[in-house]
Every structure is written in structure tokens, then in C-alpha cells.
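Structures follow.
Heads up, the next two complexes both have subunit A, just with different partners, subunit B and then subunit C.
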Partner chain A sequence: MRATWLLLLALALGVALGQEADPREEAKKQKELLLKTAGILPTELVVAQGEELFNRKGPSGRTMAECDFGLGKGVLEGAAARLPRYFLDTGKVEDLDSRILTCMTRVQGFKPEQIRRSEVVAVAFYIASKSTGHKIQVRLLFPQERELYALGEKLFYARTGQRDVGCATCHVTYVGRRAGVLSYADVLGQDKSWTHWPAYRYSNDQTWTMQDRIRACYGNIGHPPPNLYSLPILALELFMAYNNNGAVVEEWPAFVR
Partner chain B sequence: MRKALLFFLLALLALALAQRYFTEEELKLIQTGGKAYAEVFVNQRPDQALCSIHRNRLPADLLPQFLEEQRALIKYPQDGKLMGDWRKGGAIFNNLQKANCFSCHYGSPVHLGGDVGPSLEKYGLKRGQSEAVQRYTYEVIYNAWAFFPCTVMYRFGALGALTPEEIAHVVAYLLDPESDFNTKPAVGSK
Partner chain C sequence: MAIRVIVRLTPAKPKAGEEFRLQAVAQHPNEPGTRKDAEGKIIPAKYINLVEVYFEGGKVAEARPGPSTSANPLYGFKFKAEKPGTFTVKLKDTDGDTGEGTVKLELA
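The block that comes next holds the complex of A and B.
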């Protein structure tokens, strides 16, 4: 076991020092290594946990199979690849995380304060796993979707705060350049970053959805992060998802550095 | 009296013309992100709004006034010395929590540098320590937008991340021929 960790550490260090190494190739190697040593991936464990929670009955006696994630009651195949979208029953644009929250409160009868974030993430991992191989298909049909898209675009290009930073400052202007270990991803273009989350992040042992990732981005640029499930997060998600329309989800949940 | 009134009206006009980036409606949506998050956007500065509106490429006709305003923000150390203590400067340059210069610039003998900004390897040996070089280096660190409008480099002095004295220390770290920055090899150099 000790030797395994040492090996893992050495590999991680190799990534940190080997500037030319492609982070995606490194992630693939790490994944194989973990699979070989542990026999199961952390992503698979969380997906299994999510499936259990999905089939658990809430106070109302209903499971999450009674919920509509956009393609009809209980239909999960490809559903996550079409989120975020506007839902008529709530009158709101919702992403996977917020739709799970809606399901747990409105259908399953949980009180908002009973819902643990780790459970929402696990269910998100499970539902997202049913979209592997699907194309991102997000639309701007309802005025609420268009309004949030416009806000997301503005937030993406905004220069604010004590460091004058915003998402585009690095992820558009300095794509491929490096400040720290990894080079900046072309979030709106060829890197199709929207399809990289939800993911297990092995460098920090984190199970994250895009909501967590966006909050961490703000942390990195010295901004207070937006609240979970808030409109600025949904706006940025819709903006990124729409710009990645047509991209095929290689694997959800993903396994990233 | 009439002059004062005219001035007041002109000031009002200037305020009305100052372009906002976010609308009131958008700021309301942003409020759902929480108080601390929203405040950053509510308090967006006019120069930040301008860079946001034009996606960092200001139209030529706006440049002279923009540069002049940025230049006016630059302040100098009390004692007038633009080169301080290079050792203190190194601690600021190489600290991720402080100025974090190395993350974008190559040349530090302590950390491997990035390539978002130009390489600063052996900065002082290549440029010398003339008053002009000291002043230029100091002013770029104090307010990079006075030279490169809307660039990604933080405006360390203008937005208060570093004091004038701290910036002078960093200038010394880059320029002083005795400084580790100029005597020791940069991490990653061959």
C-alpha cells in the first residue's frame, strides 16, 4: 500500500515537473494505475453511491425515479447532456445540481436543510454517467434561458475586483499559456471544458460538479465565490454549455488532474 | 456662481456618460450569488467597465484619456527612492499569496516561472540600473494599465495590493546586480 502511494506521489510529481506533459495523458495514466491497484475507480464508487440515493425513498415515499430531469419522468439516458434548461414546473432555468435539489424537495419531500451537498453531488455523478457518449445539446428557447446566457457571457468577460480579473482574461486571451503548473484551457473552444465536469479530481481527491469548479475558479482569482445553486453560476454554465454544443461527452463523470 | 453651476452640470453629465458594464437588472440576478460575491460586481470601477465592454481592446480614440487617467494613479515612495531592499523584494516576488510574480513571469531562482508574461530572466543585468529603467520598472508594477491598457497584469500599486515601498523592494530585486535574481540561475534554465 505504502509503495502504491509512493508511486502515485512520484507520478504526480512527474506531472508537476514535466512541463511538456499533456495533463489529459497524465490523467489517463493515473486512471489506469488506480484501476490496477485498487480494482475500482473513485468515480465508480460515487456513481454507485448516487444510484443508491436515487432509489432511496424520501419522506413522501417517492424515489427520484418520479422526477423529470428534462426528458420525462425517470428518463436519465442523455438527460444531463441537455442541461441547463428551463423547466415549466418550477419556472426556472436549472442545471443538474439544482434539478436534483428540486426533485428532493418538491417530489421526495425533503426539507432544504436536510439535503447534504455530498448527496447532491453523488446523484449528479450517477445521472451524468447516463450521458456518456451523448452530444451536448443546450438550447436558448425560453426568454429566461436567453437572459441567463447573456448574463453568463457578461460575467465571463467581466474585469473586476482588486486584480482586474475575469474568466476570459486567461481562458480566452492566454489559452495555452501557463501560470502555475497547467496551461489555460480553451474553455469555449477546442478543450470543450463543459464536458469535463462532473469529475473526480485525483490531484486533490475532490468530487466536483461544474458548480464547485466555477466556485474554485473565483477563489483562484481572489473573488469571493458565488453561492451554490445561484444565478451567476447557472448563467456561466449555460454560456459555457451552449458554446460547447455538439461536443461529445467522452466520459461522465470525468477523471481529471 | 454661474461658473460653479456650470461645473456642477458638467460633472453630472460626466457621471451620466461614464459607461456601466452591468445593467441594474443584471446586478439583481448577480445578487443571488451572495453579498460578498455581488459587491465585487456592484463596485466595478469605470476603467474595468471600459476594458470589459471593449473586451480588452480599447478603441484608439479612448486611449489618450485612458492612459492619462491611469498615469495619474501612480504614486511614489516617500523618500523618493525607487530601488529598495532586494531581499525584501524577493520575498514579495516569490510569494504566491503576495505578488505572485513568478506564476506568470519566468526568471525566478526560487520557483519555475510561467509564460503568461514576458521572461524577466537576468532583468537587471540586461537593462542596467539607470534612473529611466528604475522608473519604468516601478511604474509598470505600480500600474501596468498606464502602459498596456487592460492587460492581465495586476495593477499592484493602483489597486492597493502593494505599497509604494514594497514595489521599490521588488524593483531592487529585479535590478540590483547583487540580487539573487541576477546572480543565481533561473529555475528551469539550461
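The block that comes next holds the complex of A and C.
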């Protein structure tokens, strides 16, 4: 008798767990709800802020329209989908965040200590919004790009920190399983995670780019996060972007949990 | 610094005589003046305490929100669509900073 009850309980529990909504579907629902009630997404405010900052004149009297984001001066359509890439003027591989930083310091004449991270993120949201619907096209043309890609691949599969895990532990080995609410994304495969950032995280009211996401990942595995705009982050970004080549950007900035 | 405001109508193009909502989202920290920073010092109050809605220059609605409003607040007003025109939402906070957003009302 008792065994039957236990069996029934286990069955009921199984049904209850099985009925849990897919968090990605939930994010979509949340977005629709917000659009229905408010009519305005928080991302739109940040994009508007980014546009204002983009057209703001720096100490040198120039706006960001004077900067080259990879497709020529002031060309933003699809520019973010082709980053990170090697830039001849700086001699470095740069992603969207670091390119904005370069633009603000080199062209606009801001001092590095004057630049606020929130402003960089807002501009990144604005520039990324111009790549919605574009395909990710990242190339490994220059030796610097190939070198950084190799470093990124190494870092992605390296295990480190207190728990002796790495990016690949969750995002390759344990794809589909979960530790928190969300199941681990198949970063290199079908989930095309590169196209999910920059994004607004509605559960925490955060505006994040991929740089913040990677830093948080390192925090999760008990490893000190690399600095913003640093080489390990750029390497991982290039590695992920290249492996997501051809993926279509559904919406930038994205709206995630 | 100007307060950033986005204004929308739901539905975007109401029929004549139909009720619609005018909604405005502002980018503002809305500090109530009771929170403390990392050093334990009180963060001074700075919140939006006046929301005015103008239609074609004439004031049609006003709200005076208190300190207990969330950051990046959403304000909504219900109106009845009669004639097309432009709505202007004007905000003012306790520091005297202002913001303005406009939206056009077009009848379906």
C-alpha cells in the first residue's frame, strides 16, 4: 500500500516538473506582457539613450559618426554582426564594446577615466539594434584574428577555478541539463548564444553585453572574472562568434530572463 | 540633465470615440531619499513629482507622484479619442530637471 502511494507521489512530482514552462518561452511571454501593458520595452529607453550618446559631441567636437565600426565611417547597418574583427588603425582585434571605447578615447577625445560603463553599454545597444535581422559574419582573415581565435578555443575548453570546470563543462558536456532555472545553452551549436547578447535581463533589470555575460560565467565557476575589454574576453567572444557564423540575429538588443 | 521619455498610445491608432491609453516611460532613478549607499550615507531624494499631459497646447491631465515610485517609471492615462493631434508629456523632478516626450494621435 505504502509503495503504491510513493509511486503515485513520484508520478505526480514527475508530472509537475514536466509541466514547467520552457524559460525561453517564458521570456517571450514576459516580453509580450510588457508590450501589452506598457507598450514600451526597457531596451527601447536604453537604445534611445545610446542614440543620444552616439550623437553627442566629445571634447574634440566630434560625434561617434566619425568612427569606423568596421564598415566605414558612421556605417552602422550590420556592423555589429561582423564584430569582433581586426582593426588596422589600432592594430588590435576589437569587439563592439572595445571599439566604442576606442572611438570615445581616440576620436572623441574623452579620457579613459571619464568613460562610464553604462554609457558604453547604451551605445552598444544602439549600434547592435542596427544589426537586427543580419547574419553573423565573422572572419579569421588576419593572423591576429587567427591567433586570438586559437586562444579563445583554448580558454573555452580549459578547466580552472575552485570547481575545476570551464566554459565547455556546462556549454558542451552538460548542455540541456541545468543548475539554476535555465538549462545550459548549447553555445556553439543550435542555441546560437552569440546572437543573444547584448540583452536586457528582465528578472534582474540589467543591461548586459557579452562581456558582462562572460564575466558572470567566470564568477559562477568560482574563477576571478577577467577585466572588461581584456584579452581573454575578446578571445572567447571571437571564438563564439566565429562558431555562430551564419546565425541570424533575431533581435538586438535581446530580451532575456 | 534632461529626463529621457518615450510616449506611446495603445492601441496605436484608436477609432473616434474609442478609449485609449497614453503611456510614458521615463529613464529616471527615482531615489526616494531613504536608501543608503555602500558607505551608509543616505542617498539624497531625487524623484519625479510632476507629470503633465498636454494636448495641442492645453493641459488635459496632471499627476503628482510621490517618492515611492519605481526607477524608470511607467505612467498611464486613459483618454477618449475625439480628434487627431499631438500629446506632450512633461516631467519634472525634485531637482527641477525636466523631460518631454511627444506622440501623435491619429484616428483609424
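The rule is simple: the second predicted complex is superposed on the first by the 237 of 257 C-alpha atoms of A that agree within 3 Å, B and C clash if a C-alpha of one lies under 4 Å from a C-alpha of the other, contacts with A are read in each partner's own complex, and residues count from 1 in each chain.
Assume a contact is a pair of C-beta atoms (placed from the backbone, for glycine too) under 8 Å apart; a residue touches a chain by one contact, two chains touch by 3 or more.
What you see is a predicted model, and the numbers here were worked out from it, not measured in a lab.
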In the superposition, subunit B vs subunit C on subunit A residues touched: B
Partner chain(s) touched by A:190 [first = subunit B, second = subunit C, both, neither]: neither
Touched partner set for A:118, first subunit B, second subunit C, both or neither: neither
Which superposed partner A:55 touches (first subunit B, second subunit C, both, neither): neither
Partner chain in contact with A:159 - subunit B first, subunit C second, else both or neither: first
Touched partner set for A:230, first subunit B, second subunit C, both or neither: first
First, second, both or neither for A:38, with subunit B first and subunit C second: second
Subunit B versus subunit C as contact partner of A:180, first or second or both or neither: first
Contact set on subunit C toward subunit A in their complex: 4, 6, 8-10, 21, 23, 25, 27, 71-72, 74
Sites on subunit A touched by subunit C in the complex: 36, 38-40, 42, 44-45, 48-49, 52, 205
Subunit A to subunit B touching residues, read off their complex: 19, 147-148, 150-151, 154-155, 157-166, 168-170, 173-174, 177-180, 218, 223-227, 230-233, 235
Footprint of subunit A on subunit B - complex, ascending: 21-22, 26, 29-30, 32-34, 36-37, 39-41, 44, 48, 51-52, 55-56, 103-104, 112, 114-116, 145, 150, 152, 154-155, 159-161, 188
